[in-house]
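Labels run A, B, C, D, E and F following the written order; every chain starts at residue 1.
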Amino acid sequence: MLPILLLCLLVSSSHAADFCVADLTGPETPSGYQCKKESAVTADDFVITGLGVPGNFSTMFKAAPKTAFVAQFPGLNGLGISAAYVYYAPGGFIPVHSHPAGTELLVVTEGTLLAGFISSANNPYYKTLNKGDAMVFPQGLLHFQVNVGETTAVGVVGFSSPSPGIQVTSPALFSNNLPSAVVEKVTYLDDAEVKKLKKMLGGTG
Amino acid sequence: MLPILLLCLLVSSSHAADFCVADLTGPETPSGYQCKKESAVTADDFVITGLGVPGNFSTMFKAAPKTAFVAQFPGLNGLGISAAYVYYAPGGFIPVHSHPAGTELLVVTEGTLLAGFISSANNPYYKTLNKGDAMVFPQGLLHFQVNVGETTAVGVVGFSSPSPGIQVTSPALFSNNLPSAVVEKVTYLDDAEVKKLKKMLGGTG
Amino acid sequence: MLPILLLCLLVSSSHAADFCVADLTGPETPSGYQCKKESAVTADDFVITGLGVPGNFSTMFKAAPKTAFVAQFPGLNGLGISAAYVYYAPGGFIPVHSHPAGTELLVVTEGTLLAGFISSANNPYYKTLNKGDAMVFPQGLLHFQVNVGETTAVGVVGFSSPSPGIQVTSPALFSNNLPSAVVEKVTYLDDAEVKKLKKMLGGTG
Amino acid sequence: MLPILLLCLLVSSSHAADFCVADLTGPETPSGYQCKKESAVTADDFVITGLGVPGNFSTMFKAAPKTAFVAQFPGLNGLGISAAYVYYAPGGFIPVHSHPAGTELLVVTEGTLLAGFISSANNPYYKTLNKGDAMVFPQGLLHFQVNVGETTAVGVVGFSSPSPGIQVTSPALFSNNLPSAVVEKVTYLDDAEVKKLKKMLGGTG
Amino acid sequence: MLPILLLCLLVSSSHAADFCVADLTGPETPSGYQCKKESAVTADDFVITGLGVPGNFSTMFKAAPKTAFVAQFPGLNGLGISAAYVYYAPGGFIPVHSHPAGTELLVVTEGTLLAGFISSANNPYYKTLNKGDAMVFPQGLLHFQVNVGETTAVGVVGFSSPSPGIQVTSPALFSNNLPSAVVEKVTYLDDAEVKKLKKMLGGTG
Amino acid sequence: MLPILLLCLLVSSSHAADFCVADLTGPETPSGYQCKKESAVTADDFVITGLGVPGNFSTMFKAAPKTAFVAQFPGLNGLGISAAYVYYAPGGFIPVHSHPAGTELLVVTEGTLLAGFISSANNPYYKTLNKGDAMVFPQGLLHFQVNVGETTAVGVVGFSSPSPGIQVTSPALFSNNLPSAVVEKVTYLDDAEVKKLKKMLGGTG
C-alpha cells in the first residue's frame, strides 16, 4: 500500500489544473464562472445530452438552433470552446449576426447551405457548402447561412470560446427602445423602414 | 571599464523583450508584424505626429476620424493598444459599427456626444457625454456616437488591440456585391430599401 | 463618389485584423503561420471540402478520422479553433491519447460511443453517448472513444486551437527507438509486453 | 409574438459574453473582479464623468493626473483597457515610473511635452511631443514626461490593461522603511542622498 | 506632508495590479483562486520554506519530488509560474507523465539524469544531463527522467503555470476502476499485463 | 505494415503543435522567433549545457548570473518559461531591477539571501531566504537579492516568459546620455549624485 500512496505524492498537487466545471449559481468573473468543488464533479458534468435533438423551428427564420455554451453546458467553463447544433428547413436561414467573443467553425452534416461572412474591408466571402464541407467565420465579423437546398440542412458548430456571444444585427437595431431618429442616422435607413422593422421585431420609440 | 562591462552582462540577454516595432514591408503573423531590427529602431518609431490634426470631414457623416493602428503607427506592434482622434462637426456622427478584435474607450475632450452600444441581449446602453467624460464600448458590440451639441466635438479613443478592426454595419451590408436577395433575407429589410442603400453606398447586385 | 470614398476612411485601417490565412510555404511562429497576402485571399480559403467524406478505415482501430487542423485548413490560422470528422465502425475506437495544446469537444451525430477521459487525479470520467449528445475532453488529458453500438458511429469534433496536436499513448511509447529498458522503467510494463508492443507498433530497441 | 420569442432563442444564451462590470465589493481574481449581475447594469456603469476635470496639482511635480482604472471605472473590468487624463503645469512632470502590467499610449491634446522611456538595454528613447502627437511606452519600462512648454499641457492616456499598476521609482525606493543600507547597496546611491530622499518622500530606516 | 500625499495620488489606484495571493479557502475560477485582501498580505505570502528539504523517497520510483504549485504556495496565484524540487536516488526516476497545462524546465543541480520527451509525431528527444545542464519539456507531452549516475541527483524545476497539473501515464491507466476491457482496447496491452498493473497500482475492474 | 501506417494518420496532422525551436537568424515577431524546421530539430535543441557553471563574478556586484532566455536557449521559444543560474559571493548582490515581461521565481540552492520586492503601493516585501526556500517576484516590480551569509549563495531562477527582459534601475538612469537635468527632475536626485553615478556607470550628459 505504501508504494501506491507515495506514487500519489506525484499527483496530489495537481487536482485543480484539469478543469473548472461552472457553478452557475455563483458570480461570474472575466475568466468565467467559479468552479464547482471537484468532489462534486461527475462524468455528467462533461456531457450534454440531446443537443442534436431538433427544437422548435422559428417561424421567422425557419431554423432550429440549439447552443451548448457554458450557460447550458457547465463543463465547458474555462476550456475555450463551445458548440451548437442547427437544423435549417428548406429556405431556412440564420440572420446576419456576429459573435463578439469567438470564431465560429461550421461543419455541414446534412444538406446544402449558402454561407458567408463580410470582412471589415466590406468584402463578402461566401460559398455553397455541401454535406461534409466546413467553413470558418472569423471572430466578430458579420456572417449568415441560408439553406439553399430542397431538404433540411444540418450544421454542427464549434466556437473558440465557452461564451462567444451572439449579436443578431436586425434585432440589435430594431427590437428595443433605441430612438428611431438615432437608428436612422447611424444606419442610413429611412424612417419608414426603421419603423416597419421596429414593429416586426418588437421595438419601440 | 571592466565593472561596467560586467554590469552589462545582466542586461545583454534581454534586448528583445521590450518592444517589436513592426516591419510593415514583411509578412504578418497572427500575433502581428515581424519586428524591425532593434539596431534600426529610434525614438521616432514610438511617436506618431499629427494624429490630432483634423483631416477631411466626411460629407456622409460630418466627422473626421484618424486612426493610429499598427498599420499607421508601427511602434504599437505587439503592445496591445492603439488609438484614434475624432472630430465631429455639429450633427456629425460615426455610423453604427463594431471592432471585431478590441474594446474601445472614448474620452471626450471637447463638446457633447450621444454615445451608446447594444448588448447581445439587444439592450441599448447610451448616454450623453460631456467634455471630460469617458465611455467604454465592449469588444465586438455595435456602437455609435452622435454630436448632439452645437459645436465641434472631439474624442480621443483608445483600443485594447494594435489592430482592433472596424466593421461599419451599413457599408458591410450595402457597399459590396453581396446579392440583394441574400441581404434582404438575412436582414429582414425590404427590397427597395436594400437597393436604395446599395446605390447610396456603392454596392451592386 | 466622394462620400463613399470618405466613408472608406473609416475602414481603410482595419484590413489585417480580421483573419490571417496561413501561408503554409513560409515559416511558422509560436502564434502560427505567416499570413497570406489579403489580396490573394478568396472564399475558398475559409472552406474545407470533403471533411465529412469517410477516408480509409484503420485496420488497427477500425475508425476513419479526418482532421481539419491549420495544416489542412489554412483559414483557421490564428483563429483558436479546428475540427475533425470521425467514423467508427462497430467495435472501432480511437486509442487513448491526449491533445497537448487544446480541449476537444465531441458531438455524436450517428450511433453510440463509450467515451471518457482520465483526470490528473487518476479519476476516470466516462459515459455512453448517443446521437445528439456531446462530451468535452479537457486539454492535455488522456481520453478515448469506443463504438459500443452495432452500427457505424460518427462524431464531429471541435478543438480549442488551430493546431491542438495529438499524442497517442501506445505509439508514443512503442513505435520508436526509445530503448526498451527505459520504457519498462518509466511505465512499469514488463519486458515481454514492451517488446511485443514495439513489434506491433513498429518500434525498435 | 411567437416569431419574436423564437428569434430570442438565438440570443438567450449569450448574455454574459459581452461585459463583466466589476462588483468592487467582492473579491478579486487574477482575471479581475467578480461581475455585477447583468440585471443591475445600466448605461452609467460604462461611463465615467469628470475624468477630464483637473484635480489638485501636486506641489511635488506640478501635475494633476486622474486615472480611470477598473477601481475607479468598474465597467472596464475584463476589457483590457483603461485611461488617464493628465494636466501638467509649466515645468510640471510625471516622475520616472513604470506600469508593471500594461503599455501606455499618450496622446497630447494641449501644449508641449518632453517624453521618453528607457529600454532594458539602457537606451533612452525620448522626443518632444506637440499637440496632436502621441507616444507609446512599452509595458514595464521606465518612462517620464516633462512639460517643456510655457503653457499647461494636457495628455489623454490609454493603457492596455484595466489595472496596469504604477510603480514610481523614487517613492518605491525612498518612501518606505526599506533599510537605507539595503537601498544604498542595490542602487549605488550614497548614504547622504538616500537619507535626504527618504526624508523628502516620507521614508524611514 | 502635503507633497507626499499628493505624490501618493499617483499610486493610489494601482494597488491590485501587482499580485493576487490565493485565498485557498474560497472558490477557484478558470484564472485561479480569489485574491486574499491586500491588507492581510505579508512577505511570508511570497516565500515557501523548505521546498528543497528532501521528503520521503517513494519505494516505487526511488525519488522524492516536492511541488510548489499554487495549492502549496498561494503567492503564485495568477503569476504564470510554479516550481518543484526533486531528489533522485541512484536508479531513481520519475515515471512517464505529462503536464496538461504547462511546460517544464528542469535544471540539474547535482548528479546525472537521462531525461527525455516524446513528440506527438512519436519522436523521442532524450539526452544525458549533468550538473548545471537544463532541459525543457514542452506542454502536454510525455516525458521522464532517470538517475543514471551513481549518486543522488537533484533537479530544480520551473513550470509555465501556477497549476500545471501532472498526469502520470501508468497510474492514470491502471490505478482506478476503468474496466480492463476498455484499457486493453485503447492501449493494445494484453489482458494479463493490464491486470498485473492494476494490481500493482491499486486499480480494480 | 499497413496498420502502422494507418495509425500514423492519427498523428500526421499534429507535427507543429508541440514546440517551435527558435531560428535565431530570422526575424522576431511579437510571439517570438520563427520556428526552425522540425526536420532539423534534435534533442540538443531542448538542452542547454553549462548553465550552472559559474561565469565571471562582476566586480560591481560580486555575483555571477547566467541567463537561459530564448536568445541563449532557442528551445524555449513560445513555451512561456526561461531560467537563470546565479552565484552570489559573500556580500554579493543583484542590483534593484525589474522584469518588464515576466514574473521571477527564485529557488535558493546554497547559502542565505536577503531578497525582496516593492509593490506599486510602495510597500517593501522582503525576507531572509535559506537553502531550500523560494520566493516569487511579481512581474514588473522592483526587486533585489543580497547575499547576507558568509559563504557563496546560489539561486536557480525561473521566469514566466522565454524573454522576460531585465531593467536594472541604476544603469537605466545613469549609464546612458539621458540629460542630467531630466534625470534629476524625474528622480528628485541632486545634481552631484546624478553626475557621480553617471561617471560610475558610464553615462554622459
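We adopt the following convention: a residue touches a chain if its C-beta (ideal position, glycine included) is under 8 Å from a C-beta of that chain, and two chains touch if they have at least 3 such contacts.
This is a predicted model, so every value here is computed, not measured.
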Set of chains whose contacts include both subunit F and subunit A
B, C, D, E
What is the chain whose Cα centroid lies farthest from the Cα centroid of subunit D?
C
Same or different interface residues for subunit C and subunit E, judged by whether over half of the residue numbers are used by both?
same
When the Cα trace of subunit B is superposed on that of subunit C, what is the rotation angle, expressed as a multiple of 5 degrees?
120
Note, CA centroid farthest from subunit E's centroid sits on chain B
Separation of subunit D from subunit F, taking each centre as the mean of its C-alpha atoms, in whole Å
26
Go ahead and note the Å separation of the Cα centroids belonging to subunit C and subunit D.
42
Where the centres are mean C-alpha positions, what is the separation of subunit A from subunit D, in Å?
35
For subunit C, residue numbers touching 2 or more other chains are 11, 14-15, 17-18, 29-31, 94-95, 100-102, 116, 119-120, 122, 126, 138-139, 141, 161, 165-168, 171, 175, 201
If every chain is a node and every touching pair an edge, decide which shape results: line, ring, star, complete or other.
other
Checked against the stated definition, the touching pairs are A-B, A-C, A-D, A-E, B-C, B-D, B-F, C-E, C-F, D-E, D-F, E-F
List of subunit C residues in touch with subunit F within their complex:
27-31, 55-61, 65, 67, 69, 71-72, 94-95, 97, 100-102, 161, 163-168, 171, 175, 201-202
Footprint of subunit D on subunit F - complex, ascending:
93-96, 98-101, 114, 116, 118-120, 122-124, 126, 138-142, 144, 146, 165-173, 175-178, 182, 185-190, 193, 196-197, 200-201
Would you pull the subunit A residues touching subunit E in the complex into a rising list?
2-4, 6-11, 13-18, 20, 23, 26, 29-35, 77-78
Looking at the complex, which residues from subunit E come into contact with subunit F?
11, 14-15, 17-19, 38, 41-44, 46-53, 68, 73, 75-76, 79-83, 85, 102-103, 105, 107-109, 116-117, 119-122, 125-127, 129-139, 141, 156, 158-161
